[in-house]
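After this come two complexes, each holding chain A, first together with chain B and then together with chain C.
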Partner chain A sequence: MKRILSLLLAAGLTLFFSGSSFAEVLSAEQIVKKANEAYYYQGDNGRSRVNMKIEDRQGNVREKEFVILRLNIVKGGPQKYYVYYEKPNDVRGTVFMVWKYLDKDDDRWLYLPGLNLVNRIAASDKRSSFAGSNFVYEDISGRNLNYDKHELIDDKGDVYVIKGIPKVPSEVEFAYYISNINKENFIPVKVEYYDNQDKVIRILETKQIIDVQGYPTVKEAVASDLRSGGKTIIDFNDVEYDIGLDEDVFTERYLQRPPMKWLK
Partner chain B sequence: MKIFKNLIHFSTARPKFIVSIVIAAAIFFGMQFPKITIDTDPENMLSEKEFVRIFHHEVKKEFGLYDFIVVGIVNEHDENGVFNPETLNRIVDLTNKIKDIQGVISYELISLSTKDNIRQGDTPGMVIFEWLMQKAPQNSKAALFIRDEAKDNPMLDGTIVSEDGKAACIYVPIEAKKESYRIAQKIKEYVKAFNGQEQFFITGLPVAEDTFGVEMFKQMAISAPLAGLIIFLIMWFFFKKISLVFSPMIVAMASIIYTMGLLIGKGFTVHIMISMIPIFLMPIAVVDSVHILSEFYDKYDQFRDRRKAIHHVMDELFMPMLYTSLTSAVGFASLAFTPIPPVKIFGLFVAYGIMMAWLLTITFIPAYIMLLKESSLSSFGKKAADHHENIFDKMLEAMGRFSQHQSKLIIAIVILILAISIYGITKININDNPVRWFTEKHDIRIADKVLNEHFGGTYTAYLVLDSVNQTHEDFKDPKVLMWVEKLQKKLISSGKVGKSTSIADVVKKVYYELLGGDKANNKIPDSRNAVAQCLLSYENSHKPDDLWHLVTTNFNKANIWIQLKSGDNQDMEQVVTVVNEFIVDNPPPVELKTGWAGLTYINTVWQEKMVKGMMSALLGSFIMVFVLMIILFRSFIWGLLCMIPLSATIIFIYGLIGLVGKDYDMPVAVLSSLTLGLSVDFAIHFLQRTKELYKRTNNWEQTLGELFKEPARAISKNALVIAIGFTPLLIAPLVPYKTVGFFMMMIMIVSAIATLFILPAIISMFRGIIFRGDRVPKIKDER
Partner chain C sequence: MVEIMKKFFSLLIFLSLLISKNSFAGDLPKLHGFAESAFGLKVNDDKKASHNGYNMLEQRINMKFRYFPDEFTFLEDWNTEIYYNADVLFDEYRNMYNWQPRQIYTAFTPLDFVDLKIGAQILTWGTGDYLFLNDTFPKDYDSFLIGRDDDYLKLPSYAARATFFIKDISWDIIAIPFFTGNRVPEGRRLSFYDPFQGKISGTDVYRKKIEPPYQFENTEWASRVYSTIGSFEWALYYSRGFYKNPNGYKNEAEKEIYHPRLSTYGASLRGPVPWIDGIGNLEIAYYDSLEDKAGKIRTRPNSTIRYLVGYKKAFKDDLEIGLQYFADQMLYYDNYTENLMPPDRKEDGLYQLLTLRITKLFADQTIRASFFAFYSPTDSDAYLRPVVTWDATDQWKLTLGGNIFFGLDTGDWGQFKGDSNIYMRLRYSF
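After this line comes the complex of A and B, so read on.
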């Protein structure tokens, strides 16, 4: 009886002294939801010019440049993307368009001007490379939060440390990943992907965050593949939010006749 | 020479001192052994600065290529071959296990379950990029679907899936070739746990080379001691006295320990070639002692005093022993002129070992004999009074009479045999293939055979095409790609190449899939932009990096991965010729430089150097030995005479190799120096004794009679000891060991026969010129 009483007392004291922060503690699910929105859903729509440097193990660098248009249908939900290639010159005019859904496979289109051809593209998963870089498709458009089980494993200084464990391990090339999420703006600063031998195989890093129209915005991000030794640096330029894009732009019609007004 | 004679006297005077020095030195050099570093990589047959090696490593780095272990899975029982759910399940399982082996570059592993596929979607105009086999299929329909997709992909068909669907392959890239034996053993362990219908095979040049190294060192520990044991037993049979017979064995052991100890202590790595030193040194080290024992055995009874007997024997044999050792040493030292580093070291150290053996023979053997009790020798030796001659002696005497009376017949037969041999030499086939260093029943040979029947080929070579103009991104140019396509067709039509893969194949595959999957569009699109956009589409796959194995990121250099069905150097050389001819007949649309890399190609380079190097080394040492003989006999004619049996032996042995169709490969090439050094020995002994006897008798008939007593006995005993001693090598599981064993036997028997038949026959015919009047040549001797 005495022991129970002292336990209760101890519990009460703990609650009392930690009371103020206790109310603000977020669950892992809440953190990743906020992070997802901070990283992929800033504004209602937006545009950025992306410069991509793909560097291989020997230090050879290839550059690509494209403009990305994005429209949120529902914040945290479906989105539409339009990616227009500007460089290298021989792929200029190539368009990659995505209608992203949460409850089914995305619709993707590819327009190749050199072949004068529009293709519907399907993929068994979203772990394929984005434009030959070390970013995978999911890094650019976001990974469905329901695909993983999230655990808050650490809460240190200015970051939350979240471990994501895939519910269907056979569909991805990693065993789990650990994200460091900035407590202030909820932008993931570092995500490490591990294999089943607890070895890091891939790292995503946010190198620079700037303020654009009041939104914390990723300016520079790096993906490193530790297995191939390659890395890709993405630089977001001319970022603008809420420019008035509408769904009309994200249709097959505009694949062959790019909406130059939005692409400048 | 006086100093050496004094040394012999010193040895008989202070035997214990000599024996303790020999033992102390053996301990000192023996202590170096633990420092051993082993190197089993045939690539090191070339200097590290060799162009082809540097280029090979640049190409590997530039295109992210690795040496492969090839694991083959064959299912002959299922009607759909490996394409049934059970087998595919095992392939997925094995692939995952292999990925986790230390030293495997799992990211670059090529297997059905690690490759991406492009195919038509369910609705028209839809293209699907997906893993070919992310997980094992659940039913046979899904299994067959994977087969059809893999066979439809030019990057996979013939590489990881066989034409008939009976077999699949896993290409296991490894960090270092020297790890391949260990990794292959690990894979074997995993495979053992499976108990399905399928068979598993492991091969590839790195495994063959590394396994050979491992088994070679194992053989070293079996064959060399076994040869030693048999030599010991035969000597025991001839000389009866076991305590005496130990002495040549000690000389052989000590010279091997001194040589290997010095080599290891000096920090040289023990390469495959160098591991052969003991087996080469043993017979050479024993030969001189056998002469001594044979002579001692024959003469002991005359003296009945071991000191007098040994001094007499050493006096008789000192010059021939010195010269036979010098000639053998010269034969091996000439290998220093080959452009192949391990062969240089091998040659120089064997030469050193031979001189060590000689030094031991003239010091240790007399000292050892002095340490035996005189009484223990009471029953030893050939009794002078014993007129009961055995069959062996009778045969020898008959041989002597025969070669004198039938000299013309002998010479005619010899000329006939040599003519046939020379014809045989013209038929010699210069070729090598490390896989063939294993006997046909070896796992690696079987795996090699099976997998090359099913697939495009397990031997890899890389043809690198490099634009002279480095700014045009030439490998996006449709004209250039079409030229590459044509070159690949030419490769296939040569019959030596089973499969080749290039950037052109990727472009064609993506192009026709994007256009709706119609094979009519399986071609290079006609504009540079179209090519670039096909490649951009491909880059959206799971493995975009696969592109950079075939082309550099700046598109100025391309790599054609060529799979050969055979690792024979001849076949590789033929492929190089086909490419060169093609380029002359079909100049590329832009200026291109070509270069070759890959283990199969590298082997051809060192082989060529080896053959050329050996030829000049052989020629050089032939001249050196000839000069030595002229000095020894102080006569040009006698020098020439001495070269006859060895020339006949070399011509006969190489003629035989040409006639039976054995390839002139690395071991055969190296053995030429041994042939030269050893086969002159008997002639030196024989002619030296001829001179001495003739000086005494001044009568050829009488000389000949004497020659076919002790001298002929020593020669034939020697030949038998070594020839029989090396028979265990003939049953070794490694072909180069068989070759060495065969050579040793042939050298001994043929040069003994050549010496005992040809020399008396020639001397009988030309005795006028040879013993011209009183001018009996005197041998420099300081007795």
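After this line comes the complex of A and C, so read on.
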């Protein structure tokens, strides 16, 4: 009963807000905020089985598979991630855990099952590759909106076109990026990263969006590195939202004892 | 005898798993593991061990499966886990093969706030990188020194572990009824400084090692209370059992060495370092040598305090650097020096050690280059561990590395000069 009530309440709120948004013209900041929430904060918590195909210029393919559990501490704010590796086989059972913050470095842990070792790892450069793929850390867990200046440069058809300019250019490998954000669900469908010569160096594309429990959800995305010639296809499977994760799951206890009911 | 009991114990758990598995329907868990071939070539051979030229030549087949039974609701509710992980090692250096359990256990959560894990398990805690203060669990230094995979630095303990979760505090209690000591160089594979002979020795070593017999009062205990405050992890530790190295002498004339009784007490803190970023750690441990409380008996270890300060930081382009300072301070040094007898070698009262780790990833993180160095100003010796690992494909992994020792014959690392090697390992994972 309580559940139905909150659902009704949520539906009512959604109507209320979407009703009001027709009237207003969204600013660039509002659009990127909505996009950030649509891409990284869907539901209060959730899980997904991720299959990654990393292809280099020569066509060599490597595959990774992991289950991600995610919990929003605050929507648009801090989050906790639990990443359980299933492939490749030599890292099966390894767990990567992140407590993400907006105002300071993330806390990260790596659990190595062979040594039963819970190791703290130094937060690395957020622009470095995630798991050897063409996605960088910030593609996976989101980039702090305050790191960039956002301009709405075009409002064509079904997408907003936003230009993001880093406030500290020395911290990133690009000069600026252009995002195409779907007006209806606010999911970025294409993001192009440019260098100083206005040449595209990296592209992120959303290939397929599906509906899961009423949430528009990315099913397939591709990252292409135009300089190295490599690309990574990421496929999200068995996505479920609001599965009842709480902060307990994101502790040393569950690094050593994988919570199978959510990982299956 | 204890060895046989341990294996029997593992086998029993394994068989009970198989039987329980076969009596229910359902999918068998997938079998995973690897096959590995390893070869270590000596580069400064002192020709004292049983073979000249090499100190590792072996094939290993590792098999593991992890199974979460759900035939009964309670098994699923308890998040029951059954894990089998063991090797068959064909050791051509020792010209033998055997079955070596790594982790064979069952784990479950009978109550919301209690986890239990029973069986052969790898136990690890503490904050050091290759340095251990409060982690008094068994280690295989032979494996470490010849360049086996890092996983083999740890030996399984045959133990029961309970962890209690009370609000934000976690509390581990571990009982280890079957003693497992550290595997340390004994001369046949690795030569070392033999204090009985006063020189580096190999196959000519004669010592009689006595392990604590299997008796109820010889059960070892270990406990840890730990939690996280903000981004900082703290822990308090206790253990009661035996020194894992055979560093006591029972009957010197008979060259009997054994594991004296030991209690340890300690604490650690780990978290981000303000201002300079990166992760810092502090750890301290008091080693209470129970059979030599006053430090007056020359055939028993002196009580000591161990200190560790560590720091690591990640840089751009997958580069990480870590530094550690470690010290081990004898508490009754005057008593120790007063009671020495010739030809005992007088050790420093404060042993100091510095370590450096540099790790860098290349080629989409498929090549991992790591350099680890131990340097002791006390012993004026060093141990360098360069390693390059190449994930050629998702299945094939090639590892090249070295174990290079420098320093005096009597130094902790210097004594292994003649064991220095370069090695290669080729692994296929499935």
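Just so we're on the same page, the second predicted complex is superposed on the first by the 238 of 264 C-alpha atoms of A that agree within 3 Å, B and C clash if a C-alpha of one lies under 4 Å from a C-alpha of the other, contacts with A are read in each partner's own complex, and residues count from 1 in each chain.
Here is the rule we use: a residue touches a chain if its C-beta (ideal position, glycine included) is under 8 Å from a C-beta of that chain, and two chains touch if they have at least 3 such contacts.
Quick caveat, the model's predicted, so the values are computed rather than measured.
Colleague: Fit or clash for chain B plus chain C once both are placed on chain A?
Modeller: Superposition check on chain A flags a clash between chain B and chain C.
Colleague: After the superposition on A, what does A:107 contact: first (chain B), second (chain C), both or neither?
Modeller: So A:107 only meets chain C here.
Colleague: Examine A:63 and indicate which partner it touches, taking first as chain B and second as chain C; both and neither are also allowed.
Modeller: second
Colleague: Looking at the overlay, what does A:156 touch: chain B (first), chain C (second), both, or neither?
Modeller: neither
Colleague: Which partner chains sit in contact with A:87 here, chain B, chain C, both or neither? Use first/second/both/neither.
Modeller: After superposing on A, A:87 lies in contact with chain C but is clear of chain B.
Colleague: For A:128, is the partner it touches chain B (first), chain C (second), both, or none of the two (neither)?
Modeller: After superposing on A, A:128 lies in contact with both chain B and chain C.
Colleague: Have a look at where A:259 lands relative to chain B and chain C in the superposition and call it first, second, both or neither.
Modeller: A:259 sits against chain C, while chain B stays out of touch.
Colleague: In the superposed arrangement, which partner chain does A:230 touch: chain B (first), chain C (second), both, or neither?
Modeller: After superposition on chain A, A:230 lies in contact with both partners, chain B and chain C.
Colleague: Once the shared chain is lined up, is A:251 touching chain B (first), chain C (second), both, or neither of them?
Modeller: second
Colleague: If the two structures are placed on top of each other, which part of chain C overlaps chain B: 164-172, 308-316 or 326-334?
Modeller: In the superposition, chain B collides with chain C along 308-316.
Colleague: List the residues of chain A that touch chain B in one complex and chain C in the other.
Modeller: 54, 56, 60, 62, 88, 90, 112, 114-115, 117-118, 120-125, 128-129, 131-132, 230
Colleague: How about chain A: which of its residues touch chain C in the complex?
Modeller: 54, 56, 60, 62-63, 87-90, 92-93, 99, 104-105, 107, 112, 114-118, 120-125, 128-129, 131-133, 230, 248, 251-253, 256-261, 264
Colleague: Under the definition above, what is the set of chain A residues touching chain B in their complex?
Modeller: 54, 56-58, 60, 62, 85, 88, 90-91, 94, 96, 110, 112-115, 117-125, 127-132, 137, 170-171, 197, 227-228, 230
Colleague: Residue numbers of chain B touching chain A in their complex, please.
Modeller: Residues in contact with chain A: 61-62, 64, 100, 106-107, 116, 121, 123, 125-131, 134-135, 476, 511, 514-515, 525, 527-534, 536-537, 539-545, 547-548, 552-554.
Colleague: Mind pulling up the chain C residues that touch chain A in the complex?
Modeller: 32, 34, 66, 68, 76, 79, 81, 102-103, 107, 109, 115, 121-124, 127, 149-151, 153-154, 163, 165, 170, 226, 228, 231, 233, 270-272, 277-279, 281, 312-318, 320, 361, 364-366, 391, 393-395, 397, 427, 429-430
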